[in-house]
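As written, the chain order gives the labels A, B, C and D, with residue 1 at the start of each chain.
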């Protein structure tokens, strides 16, 4: 039994973490830290937590946080870097759900996140928490950079065929569709019901911060220099990401080889479900930690089309964070997640 | 051909007015006034107006407004009362889509709107712009208080049977369901997509400002002292209001008498469609100025259940405003609206 | 550890049962019976079950079913009555999620369900499975009539104040709003996305089969003769029921007395959450077995307005069925449900 | 004033045609033909047409149809070819909203539509009714093959840059997202609300019948041999298509050249709105005949990303059909459509 605290518990990812940890038989939720909502019980903000937890939100302090074995940080990008160094120094295991430690190259961070990186010295300690590819490093990590939701969906889908050399690393286009909860709990007029409902739009075209995360991670795990085009779109659904990837197929590659690549890398992965026939659908993964992957070989056009679906708040955030925690503390990778 | 201007053109009702007036063959849009968006073309705020109108939003001044024959005011309640007196003094026809002139009793206004009424002396000039009941007064009115969306749906549905004495005026319960556009263009977190989608809630129970509007109007047009219970609910749809009314049926009243009451008052009303068999559905009225009305007689329980559906932005706001304008200026009541 | 089988596993309620039972630490899923889908693995019909269960759907036989300790029946109404007698005879515990055993009066059943009742002799054995009111009888029951989704939401909300005599039993109006999954997995054109989306309609006004269920159960548990008006509406959401009840308040009843009534009957109920201030919202109960209840006292109109929200597939079907099973077998009432 | 009849008036496109033609000042609706609904008034099927038209649906006969000047065919693909020859012989102008006459190559038709083409001799008479590219031929056409919804969105978006040689014709990927009304009025379980809502899926990957339509039309109008990859996705919205196109950018092409290409071909097109800055959104085109186009030049990856939005039932079906009719009969191209 370990103790866990959450910094930023009043956001969507923080609340989702609370829900998952309440079901986890090896974890006790110790402290919930927030800003604007300090002094309130979390179930007054999220009434769906009523009768399940009555913890009061507190102001963060490193001492209060250090009563826990593991600290989850569910803050907007740019804030975790103020906290991670002092928690690291005190020997805590840290899982950051934001973007601050996902890019090893701080210049790239500063270009896409548009502010300075204030904890560059921590970057070498950070492990990119994608269990399906970095399980061994996660086991011994002290700082986990929990992957972005879009990045999770894109990387898991394309990495096996890329690493096996079945597609070319040039000319990959990644078209992702996301539910609105991916933008967090926000009063932005563009996220109001009336503006989003019955519509679709692409956004942040060419400048989305998950672009360098996808490319640098794919480059790291496949050894190919990848510069994929990534375009996110906003959909009128609450949860879920659907990613369609258009990639240049190498000559004479067969569907069997594609299937074999997925089997090679994911046969033992508890949360990856791939199929050589079915196309994924968001409804099949929502409220779960699964990623569903499908594909279509289009030899006439020398193209491979890959599809995947995840729940952005679970496999794309809180669920993957708990999956990382399970690996770090030696629990069953699926504990609390099925 | 008349000239029309709109104060508050950048809100949802204002933009809907623009759309309707662009189709109206007797109206030229003269000036569009706004606050925060002054200096922008309206089609940069509402790109769906691109290629249809390129008018620039201006700061309101009474002189600029007076170049028009009719001035529509589509501002939040509490603001029209600052403007109406000076426009009235200059002899303009005014149609206010807000709540400032809907209640003749200013004490009631101040109780429900929670601020002072600053133009009480104008109240006797204001005509409640519900064409199906006040057509004659509208013809010669200078100030139209355009009805609230909920009030329109409730009053039109229950007034005929109430006036005919087929139901008791005590114990009427009005349960209304509204799409989110009824709340206007707002950054309120409670109106964000993620908070509204896949959910329903009642709100402002017992304190909604349309309650006195419904009751005082029903009292005025039926001669019965009505104090109905009104409960609005928020639904995850963009447009539309669905109203279900539970009313105590007088003894031995037949469905034929109910039908006859609707026929008596609405046979010549171009935008009222009533049925003695079909239940209304929001999809049948959306993007139109129609109200659809249906009912069910439940003699075992001495109850009459009435149903209606409108588009809150059209029959519940901009469409009804244009219907009023048509009546005021002697045009066909349906011009621009079908 | 007990064994459970499900007849009708390929419908929405059946699949939801599978999901809940997979999390239940005292239950092993033994057999899944279906009709059209026999021979398929259930995860080919519901791919979200992939990697979680690979049971093949079989044709029902009483012998196969009797290998289980408890048999859930999740069939359309009218079918369970063919099966319950033989299972009962073999000494099985039976939980029927359909309507066949909810009405003790078979004439009422035949009037509302529009076909004969073929197992009238079983009716005295059936216990109405609403744990909050019938917990003791459920403990020793062999046949559970699991309540209808609308009925659950209405009865739990109004029963305490009715039993305490705080409202009149005449003139109660129940207005319910349901998501589309309540209609089951159906190809009816009226349930197609395009017909339902962005709309609302009342349906089965005055003839819905949950009407006698609500009235006879309220009469049984409160001792007052109730004949409430019930109107269901279809909403464009997948899951959830929102019920608003308009009831004649007895003179001088205070909000404190209303609260006290809920406390009296539900203080120990693990899945009832009531509030004297917050209005329920569907999003707070979806994917849970909770019912959230709120109310508003409207003394000016001598009315009490009550609100509740449930997930129709969980507290309104599969969750409540498991709650009943837990009580029947002496498990913690919440096992598998939180 | 001309007379128009519609074969297949009871489907979504047929009803949308009725709505548009009712507003058209030069057209009288003569006959509405249907199959299953013969004998019913169209407003009993579509109550939103109540009080607007009360025409009774009739069984088609060539004689009855020939009382009109123009005949619209809004039938599922495979049925128009039975009717077009006899109408053509009688000298009628025909606008077919289905797929039967869109592919000049009947072998391609038979491969993708999976049945024989029974009116091959008519194919040379058919003009592909995309006004922005074929206006002159449409003027004198007798048979219009009204473009498919996806095809309209894809072709209009990519044709200018392709024709100007700003992108390579190899390696184009077209990712389209469609609302459910695109599938017509159907009882298919996969189109039920519960199955579609809060989800997304790709479908008919590699085999969708608009693929050859897109490629052959682009080849015809640009003179380049195009074999683009096309992937449709189903979204939980009623109306609208969003198309994102990933195309290999030629070296050193600037955003100004892209803009210039759109200007060159669409400056005079009344229903094309292109922008060099804004990204399209479905809500801006819904219920209109416009197509909104935007783009992003991504020189790092040698890619051009193009976006467009249309209303599938209007610019993608009935609106474009009326636009074609206007051109054929010498009316203002926008009549009835703004």
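The working rule: a residue touches a chain if its C-beta (ideal position, glycine included) is under 8 Å from a C-beta of that chain, and two chains touch if they have at least 3 such contacts.
Fair warning: this is a prediction, and the values are worked out from it, not measured in the lab.
Sharing over half of its contact pairs with A-B by residue number, the repeated interface among C-D, B-D or A-D is C-D. The chain pair with the larger count of C-beta pairs in contact, out of B-C and A-C, is B-C. The chain with its CA mean position farthest from that of subunit A is B.
Per-chain CA centroids place subunit C at a distance of 46 Å from subunit D.
Computed from the mean C-alpha positions, the centre of subunit B lies at a distance of 39 Å from the centre of subunit C.
For the pair subunit A and subunit C, the distance between C-alpha centroids works out to 37 Å. Listed for subunit B are residues 195, 198, 236-238, 281, 283, 286, each touching two or more other chains. By the touch criterion stated above, subunit D contacts subunit A in their complex at residues 171, 173, 175, 177, 195, 198-203, 205-206, 227-229, 231, 233, 235-240, 242, 244, 246, 248, 279-283, 286, 296, 298, 300-303, 305, 307, 309.
Every residue of subunit A that touches subunit C in the complex is listed here, in rising order: 22-23, 46-48, 50-52, 198, 270, 273, 278, 281, 283-288, 290, 292, 338. Subunit C makes touch with subunit D in their complex at residues 12, 180-181, 185-189, 191-198, 236-238.
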